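Consider the two complexes below, in which chain A is the common component and chain B and chain C are the respective partners.
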Partner chain A sequence: MAMPRAFAEAQRLLRLDKSRLDDFVEALKKVADVYGPVRKGVQHSFQLLEDKRPELDYHTTILPPKKLLHEPFEKLFSFEEDRVEVVQSVPKRPQVLLGIHPCDVHAIEILDQVYGGEYEDPYYQKRREQTVIIALNCTTVHDNCFCSSLGTGPELKSGYDLLMTDLGDQFLVEVGTPRGAELVAEAGLEPAPRVTLVDKERRLSEARNRLRKRLLTQDLDQLLKDNFRHPVWEELRHECLACGSCTMVCPTCFCYNTVDVLNLDLKSGWRERVWDSCLLLDYAQVAQGMNFRKDRDARIKHRVYHKLVYYEPQFGTLGCVGCGRCIDTCIKGIDITEIIRELRGE
Partner chain B sequence: MTLINPYKPEPAVIQAIRSETPDTTTYTMKFRDLQEFSFEPGQFNMITLFGYGEAPISISSAPSEDGTFEHTVRHVGNVTNAMAGLREGDTLGVRGAYGTGWPMSQLEGQDVLIIAGGIGLAPLRPVIQAVIGDRRKGNGRYGSMEILYGARTPADCLFKDDYEEWRSAEGVNLLLTVDAVPQGMDWEHNVGVVTALFDQMKSRPADTIVLTCGPEVMMKFVVRGLLERGFSPDRLYLSLERRMSCGVKKCGNCQIGSKFVCKDGPVFAYAELMTLSEEVL
Partner chain C sequence: MTQPKIAIFKLSSCAGCQLEVLNLEPYLLQLAGVLDISYFVMAKRDNAPGPYDIGFVEGAVTCGEEIAKLKRARKDCKVLVALGSCACYGGIPSMKNWEPQREVEKRVYEDLSAIESTKAFGIDQYVPVDAYLKGCPVSKEELVNFIKSTLLGMRPYLRPHSVCVECKLGENVCVFLSHREPCMGPVTTAGCGALCPARGKACDGCRGPANDPNPVSLAEAFKELGLHRPDIIRRFRKYAGATLEFEKGVEAL
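Showing the complex of A and B:
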């Protein structure tokens, strides 16, 4: 596709003074629903920025931005007896995801594969089309991040409309797409000198050095195939509570269950899909109680193998982006990087 | 962008209902509006009873020219129990056909051995009908066909009305067995598990493709017994049951290792299942 003139001529490197962040967000709000990280208790959450200010120095969010593309509860259609009407709660205006980290952008690219393919998911696809990604490189990292092992951070190389990097008193803003160019033109950002790229590189390299966790991916496929009966799984059978929290906060988990909900007339209602979890007991259960993953070790093992082995043949990529949310959230402190270290005999 | 919605059920009208056993019923259906519908033996549809939910159910008839298709349903789950209340002329929701069916082109020129247990005969009936239909037309595409079928009791045998036709077809051998015969019931066939019929069968490993469906524990012993008799894993095909909420590789429920049973299956060569880390049988 040929670049529109507006984009070809636009500056690719721009700067945004932190003092002008509110103005920038206000300009975005004129053309889109803007979602960004806001404080929720001691954590952060992606919320619609109505009267709230985004806190772009956040570490991570409770739920990944997936919730804005593949909703936790989503009506698929409504019905009245045998008449079916498709429901699509697609936002009328574009939605801007402001300040999402490189790992989460990579995760969205994986979900694009999951919801694409032979049977495209119209609910995801329509919402995705309406979505503008203003990503934020990670100049700070937190204890459970291991993106550098998976090549998904702390720096983002593609997959953004706009990419921000915190340079202290200002953000560097890089333009990735014509849609991004339109937005910065709207907001009137100033050009940044090329030398700011040096500052960016330095800050990202420092962030990379501060990452403590590793998940070594070399020969991971073979390692896991060879260790399907490793004692670590037996230990996890007793350790894991099978609560499913790790799957709820995972930016690449996509499983769902469907439920029919009836109105009080008992004739009309709707079908909705609800996030499901392979950690839950009834996930692989069929009629008459036959359960193909009855034991907890089988379920957590399936999750680990799915992320690190099965995504590759299914979608051409690893299923983990190193965001660390599953480690943050596990009340038993189960850590996927520790599992792999144990399998490697470290 | 206009996208086809793969989750929207199409109305289908029940043309006929036939009671198979005390807990199993065959429904003949036809789409009310949808004109184009084709399927292969071994594929399944997602069946909706609005308000109850949706379940994957095998198609139990061979493709027909009048656009009808059959589903043989054991009333054991949420949706299937509710189906027991359906009457002729009622409408339900259907979408499909989904999945990879039996390897029909690979059966050509080969003998066919069908081994089924209980409701597992339902997805195999289209193959039996197709092979007999082919023979009747004189095409001679397939070799001989042997059918080994096991049920709990004589009353639990599916498709009893078909047996006479199957037996009378040229080159077809039907062997029946039941786990138990209640007192006072007539039964002139075998009593015991389905693998007990192996000594009576004529199928030879080198010339035969095996298609099997039934409870996993049955298939486990079927596979073990056939491998011992020299059948090769790439000539054994199994149809698997898994939980499914979409049928189109989205909901994730049906995965075994990297395979989506709804799309890569439900029919798999045993040789393929052997390559998966996650044990199947």
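Showing the complex of A and C:
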């Protein structure tokens, strides 16, 4: 997208009547592929908004928007005997992620570091450059949300191109970047009076007060280091199904497996990467069947420690954004916040 | 390279897995170019005697005659593959293992004098098996993937973990949590692409235990869903009750 001429002068506070949401989405579709939350059975999922309307009052999605930046299955290159051709299935048009919650935006910022820090991942980065984030503050919260404990919600402070807040019959739209400014200019949104910020503050503070779940992060690093042999891990070994769901739905999990797929001529094929999970037995298996994390409790522990201890020295932030998906998806109701509470003796 | 010789044998089964081989239609012509399907009674009239390079055995072993047939196949094949859950674990026929043999026979046959049936077991009860292609029926994709890898002398990648992983990769709505269906997915081997849950149906466990399942914990979750003990036992014994892992699910209650 070209840079707008005068971002500095652009109106940063705008309003969008809910009755005009469809028009706004249509305007976005002219310049980009627009993905938003749509209903999937009793849950929600980010989908390309072709003929579907986004349901912005959704609570969460099965998979995080990560799936549009780091796809579950991604072709890396194809080969034919000695010839290798790199495939980058980057969308031709920019993609707009519409209505993503603050926790998910924070998760994308973590992924930006994972795939753009010491080791650059060109596949991720190409998609990321093409991605416009229209975030949506959370004015409603769900039982398993605990974003306020991690400073990742319910209000977003940065990391967006546009930021929407539901004010009842209208959305407040705040502009975060020149790209965002260009989009609202094309959609022709009206300016909003500054006083709407008061309404926004009120709604977000109400949402914050409604958050029930907490994950106390104070001295978390030390707490976990001191409790490597705590009985809670043994309990979890019996409880956990090791099905891998918690990691598959996590917005900050970034592990993948790489496999070669051959055509029937056995000479040509492609290499693809597929999401993988440290909860699975085969994840840490090496040659001759040796496995570094053979026991289920070792794998559960690894997941929790990776999110809450190992991320910080590497990426300068905790690896959990409090979206609650791992709790939502667990058949056994295993809850990372409960694990921490138990370790704290609460 | 001479074309590797393939043989497909049938023991006690519904022939559904062999049918899946025939259903490989889109690939079959290309496969026929790289393989010599020399023994496949269901599909062709002229069948060549062994030795073969790869032998696929469909079905459970349920009588002495089949044990002999299986041992012969083992001798004839360099690589012997259990094709489908019956050959892997006993499959559907193994449901009878938990009822008195005579009672089961009476339900089907009038004259029991000629019946020499035993308990139904997977083929590795009697012979060493090189690979297991699970499922009722087998997954066509997995079968093709297996053939390609074997021809190249590579270890095939057969997903060893739970069906839940494939459910999430496909972003399916969880039938257990959303519809309170007793889904066997968390303890069942993936590789089917989460075929049933993707269509809103609970996993039936047809592919047998995943590599590190926790059937005890799942049986408890079923109980919390309101399933009675016999229902839970039936779920664990439908295809792979003869496995140690699924037997744990039965014993959990």
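The rule is short, and it goes like this: the second predicted complex is superposed on the first by the 341 of 346 C-alpha atoms of A that agree within 3 Å, B and C clash if a C-alpha of one lies under 4 Å from a C-alpha of the other, contacts with A are read in each partner's own complex, and residues count from 1 in each chain.
As a working rule, a contact is a pair of C-beta atoms (placed from the backbone, for glycine too) under 8 Å apart; a residue touches a chain by one contact, two chains touch by 3 or more.
These numbers come from a predicted model, not from an experiment.
Touch criterion met: A:281 reaches chain C, while chain B stays clear of it. Of the two partner chains placed by superposition, chain B and chain C are both touched by A:266.
In the superposition on chain A, A:316 contacts neither chain B nor chain C. In the superposition on chain A, A:72 makes contact with chain C only, not with chain B. By the touch criterion defined above, A:63 reaches chain C but does not reach chain B.
Judged by the touch definition given at the top, the superposed model places A:238 against chain C, while chain B stays out of reach.
Counting residues of chain A touched by each partner, chain B versus chain C, the larger count belongs to B. In the superposed model, A:115 makes contact with chain B only, not with chain C. By the touch criterion defined above, A:248 lies against chain C but remains apart from chain B after alignment on the C-alpha atoms of chain A. Chain A residues in contact with chain B (one complex) as well as with chain C (other complex) are 259, 262, 266. Residues of chain C touching chain A in their complex: 27, 30-31, 34, 144-145, 148-149, 151-152, 157, 160-162, 164-165, 167-169, 171-174, 176-179, 185-187, 200, 211-214, 216-218, 221.
Residues of chain B touching chain A in their complex: 1, 3-9, 11, 50-55, 76-78, 80, 91-93, 216, 241-243, 245-246, 248-253, 255-258, 260, 263, 277-278.
If you check the complex, the residues on chain A that touch chain B are 76-77, 79, 81-82, 84, 86, 114-115, 117-122, 125-126, 129, 224-225, 228, 254-260, 262, 266-267, 269, 271, 273, 276, 278, 283-288, 290, 292, 302, 305-306, 309-310, 312-314.
Of all the residues in chain A, the ones that touch chain C in their complex are 40-43, 45, 62-63, 67, 72-73, 238-245, 248-249, 259, 261-262, 264-266, 274-275, 277, 280-282, 296, 328-329, 331-332.
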